[in-house]
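Please find the structures below.
Paired with chain B in one complex and with chain C in the other, chain A is shared by the two complexes that follow.
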Partner chain A sequence: MSQANRKSRVDLYALVWRLPIILWQMLFFIGPLLFLIAMSFFLVKNYRMIETFDMANWNRILSKDYFWSSYWYTLGMASLATVLATVLAFPASYALAFKVSANTRRWAMFFLIVPFFTSYLVRTFSWYVILAKTGVVNALLAYIGLGPYTMLNTPIGTMVGFLTLVLPLLVLLQTLSLSQIDKNLIEAAHNLGSGRVRTIFNVIVPMAKVGLVVGALFCFILSFGDFVSPYYLGGSTPQTLSILIIDTSKAGQQWPRAAVVAICMMTTLFVIAFAAIAYAYRKPKS
Partner chain B sequence: MNENTKKTVKNRARRELLKYTAAAGIAAPFIKSAKAAPTEINMLAWYGHGEPDVVGAYEEANNVKFNAKYYAGGDNMLALVSQSPPGTYDLILSDAEFVSQLNAAGYIEEMDAADYNFDDMLHDDFKQFPGHWKDGKLFSVMVRFGHLGVSYNTNAMSAEEAMSYKSFWKPELKGKVGHFDWHLPNLGMMSLLNGNGAKLWDLDDAGWQALQETTMSLRPQAGGFFDYGGTFNSLKNGEMQAMCGIGDWITGVLEKDGAPVASVVPKEGGIQFTESYSIGKGSSKVAEVKKFIQHMMSPEGQLRSTEMAAYPAFCVTKGGRALLNESNPKEAQRTGQVDGAANDPIVLINEGRIHYRDIPIQQGLEDWNDFWSDYKNA
Partner chain C sequence: MNKDGLISFLLKAYLLVLFLFVFTPIIASVIFSFNSDRFPTIPLGSFSLEWYQLIINDPDIAEAAVTSIIVAICTSILATFIGFCTAYSDYRYDFKFKGPYLALALLPPTIPLIIMALAMLAWLSKFGLSGSKLSIVLAHTVLCTPFAMAIIRLRLNQMDESLEAAAWNLGASEWSAMREIVVPFTMPAIVSSLCLTAAVSFDEFAVAWFVSGLNKTIPVVILEIVQGNIDPRVNAIGTFVFITSMTLVVIAQIIFMRNQKKGVQSV
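Up next, the complex of A and B:
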């Protein structure tokens, strides 16, 4: 069998295996995405979409101050949630990966998955009881003479919601990533005189970089597009882009204008995702 | 009995059992169909109208079944109708201000006025409600209504203080004034505060500018923007002490539950939401739908409507009000549905303090919505 024949057979074999995911992406991602882009140029008249090519929606949305203030607020909150969640999750992930027995790690992983058994909306509503002025946190603070503090319907409420959403997932991803590190390398670092903190930053973090970045990226994506926390815990003050999409589509059924906001969100996510992945896989300079 | 006889009897019994089981199996579908399958009526309505507390008894008594599709907001309702083929919805419950648009687009059937007892209506306006008639032809029947004004926590504000929209600016309420997240009732109330009275929806450029300024001045007081669930929760847990854009349709549910909340129609006036039934264009169940609307106009139907668990509203007929006073005088008293009561909704309409909710006349809905987004981000 010639080399060329073998190559074409290998390609066909690979293609057959790749086909389901390609078809899936075409049907459920590329197709809707193209429709979304096309829809952003449609117009709405008498609550019906008119298929045309008009820049009016883009001009209108991009010229509005409220769009840009929502955009920067959403970007800022999602970035903050990513940093906070990454920093908060890392010690727990580190402990689960290196400091506990395999059995404890299995149980911990199980308990990290348990929150996903219940609806995110239900979990969000349960924060009402905890964060309200008459809630658990303020009741505890009252014992030491503090408060009451307003936490619901503020960016603090939104942030608590974001962390509720992403923290368990992030700990899982980080733990899986850290668990893959060859323990001999850590031991070698210690044997060569590297302290614990230095080992973490010079050995563990670089080796788990891909997993840590992917975890942070997931955190950003989920927070950036979340509607539930900013609406129910943040009280829409101020509103995020996902709330703006809801508002825009509700008022006069302006789905094309909502599509403009959605495309801006997706573009932002694409840019950040590509940058993050490029950074994660960048080879260190030798 | 010898062994052989025993066997024969046993075999016969088994055969009999198999025979009757088979017969029962064959007959079962026919027995089941002795009671005809219920007629399915596709309803498009606000949440609650197709729930058992409203239609359960009617379904049972008339062998019909309501397939309710719920919407949130008139825009949403119009979009659902416009994107569905004719005949998709047999029965449409609409906010009154959207009926004329439903009619203009040809989405609803003409109705026969003789089929409905308009003489029993509590107010003359209800017989000829704006937009429900066109060229002397009837297209929609008003079934319930409610009033929007100042909703407040009774521990934070007295009823006297709540008698003006200015109460939203009370310094003690900073960060504790909630908004129902829909521009129309909120901006309508601000328009009333600006003294626009009956012209609250018909604002020229100066009036529109003034309305925006008044609304923006309320922003430091605003603590959040909520949907039905959020409004409900924030009033219940005391996070919000006053709420703009709602009325008894939310506080009524909480009040009955013992929460210290209430709603009043302030001196600047209140806004009326009006809900009406229409028959969907191309419906194949016109007779069944007509019968149901007649039921909802009957005292029994009105009682179920006014006591709806999802959100209460007022009766539109004298018969409905009489039955409410007889069967649930406490609720009649609470809502002012007692002839001659100071807060009787009919008296408020007659005093000119109530304005029917409408859509902006000189501006587009999207202009109001754009400003609402600006306000939320301010």
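Up next, the complex of A and C:
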């Protein structure tokens, strides 16, 4: 049997392996998402959903000031978290990729995976206690005569939560892409008289661009959709879109209106994801 | 110290600070779980097992633990099976629309959980499926399959393509080659995947919160306790969940690493 023949033939055996994911994703991934779009045109009467085609939910949500203020707040906070996390993670990833031994790097990578398997809820609750008026941080600050500061129920609290969520993943992705860079090229840049900072921005960053942008994109996706930090650490004032979805669907029983908010979020994410990926793979001008 | 050494030292110190930030809430929650104060601060209160006693004697938490375990086991089996099928299809076949096929398989982690949660709730309710353990399993399988596929695909990368072909030439059918060669070769990845997907399912709260109804899982119980007020039981439950998940992850890691070496040697 020739290689090409073996690879392109479609038979029972091939289908058995190929079909499960298609069926499963159609039923439980694409199905729900398409239904979400359809649902945004449904109406709720007497706590029952009526399947119809009506623009009422869209008109209502898009004309509300509270929707737009939470839209811009969520977008702003997620962007800020992305920029902050990228800037904060880079020196650490740089150190992991170039300044420590291979063994230390392996251990560091393992420890960066650990947070994924600790409950994000518990970590958030932990910050809640640490950052409180009488919490550990203010108690420590009091020793040097500062504070107490209010950190909970402010955007600072939300940001601490976002960073806790995204930093491990970001350092992991950045380190992976930085350690792929050919060390000889960095050496060459140094030998040709390029200074440290110039080498970072002209050699290292462009070469790790795809990894850096993908990392930042994941930061954005995670903080844009997260409801735990803005709710518990940010006190849900101002509301984010994720909290708006929860309030509208859980308390208000208005699933169709929540669907409108969800679709606006998805659209925004798609636009940003496409822009980021197009940017990451764009040929450098030279 | 010269300039290079100083910069290197500062970078390493910074690395340490960043790790400290990431691990502060994890370590603090373990410490708080053994602390008598309802609202822990510095200086710490006395050592106490009060919060553990409270959760052990709470029937709601025991019930949630059982639900979580059942859901995690079912999810891990389903996700690993579907992940295996997809990874094998990708490894062995080239076909039309393979790009979209892989995108379909790997896309779920890029959709915010809160949106998946709402979409799942509405879709499953339409078919009268929401509010059961089954509904959590269905949703968690979607979230876990990409991880299962990635792990198994990595292992298949190390398999020599001629191994299967040799079995066929010796008269084995495709099915028996699968049973005798592919499955045994990928077994370590299959076990890793079972552990990791179980850990992911065990920790997931957003989708579970929306679709579970009265069949709460452990993270959903945590969510509801946290909504009430300051309750250090959360730290005790969190520590318990952490130990469970880490055990699964470490097992997965050990099996995967050990066989990673073996795989390289045998090639």
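Operating definition for what follows: the second predicted complex is superposed on the first by the 255 of 286 C-alpha atoms of A that agree within 3 Å, B and C clash if a C-alpha of one lies under 4 Å from a C-alpha of the other, contacts with A are read in each partner's own complex, and residues count from 1 in each chain.
One rule holds for everything that comes next: contacts are C-beta pairs under 8 Å (C-beta built on N, C-alpha and C of every residue); 3 or more make two chains touch, one makes a residue touch a chain.
Since the structure is predicted, the reported quantities are computational estimates derived from the model, not experimental observations.
In the superposed pair of complexes, A:Ala132 makes contact with chain B and with chain C alike.
In the superposition on chain A, contact is made by A:Tyr232 with both chain B and chain C. Once the two structures are overlaid, the count of chain A residues touched is higher for C than for its counterpart among chain B and chain C. In the superposition on chain A, A:Arg105 makes contact with neither chain B nor chain C. In the superposition on chain A, contact of A:Lys209 is made with neither chain B nor chain C. Touch criterion not met for A:His190: it reaches neither chain B nor chain C. When the two complexes are overlaid on their common chain A, residue A:Gly252 makes contact with chain B while staying clear of chain C.
In the superposition on chain A, A:Pro20 contacts chain C only, with no contact to chain B. Overlap of the chain B and chain C contact sets on chain A: residues 125, 128, 132, 134-135, 232.
Contact residues of chain A toward chain C in the complex are 1, 6-8, 10, 13-14, 16-22, 24-25, 28-33, 35-36, 39, 88-89, 91-92, 94-96, 99-100, 108, 110-115, 117-130, 132, 134-136, 139-140, 163-164, 167-168, 171, 196, 221, 224-227, 232, 242, 245-246, 249, 255, 258-259, 262, 265-266, 269, 273.
For chain C in complex with chain A, the touching residues are 7-8, 11-12, 14-15, 18-19, 21-26, 28-29, 32, 39-42, 81-82, 85-86, 88-89, 92-95, 101, 104-105, 107-108, 110-116, 118-124, 126, 138-139, 141-142, 145, 149, 165, 168, 174-175, 199, 203, 205-206, 210, 219, 222-223, 226, 230, 234-235, 237-238, 241-242, 245-246, 248-249, 253.
Every residue of chain B that touches chain A in the complex is listed here, in rising order: 72-73, 75-76, 78-79, 82-83, 101, 105, 175, 178, 181, 183, 222-227, 229-230, 233-234, 237-239, 364-366, 368-370, 372-374, 376-377. Of all residues in chain A, only 46-48, 64-66, 69-70, 73, 125, 128, 132-135, 150, 152-153, 231-232, 234-239, 244, 247-248, 250-254 touch chain B in the complex they form.
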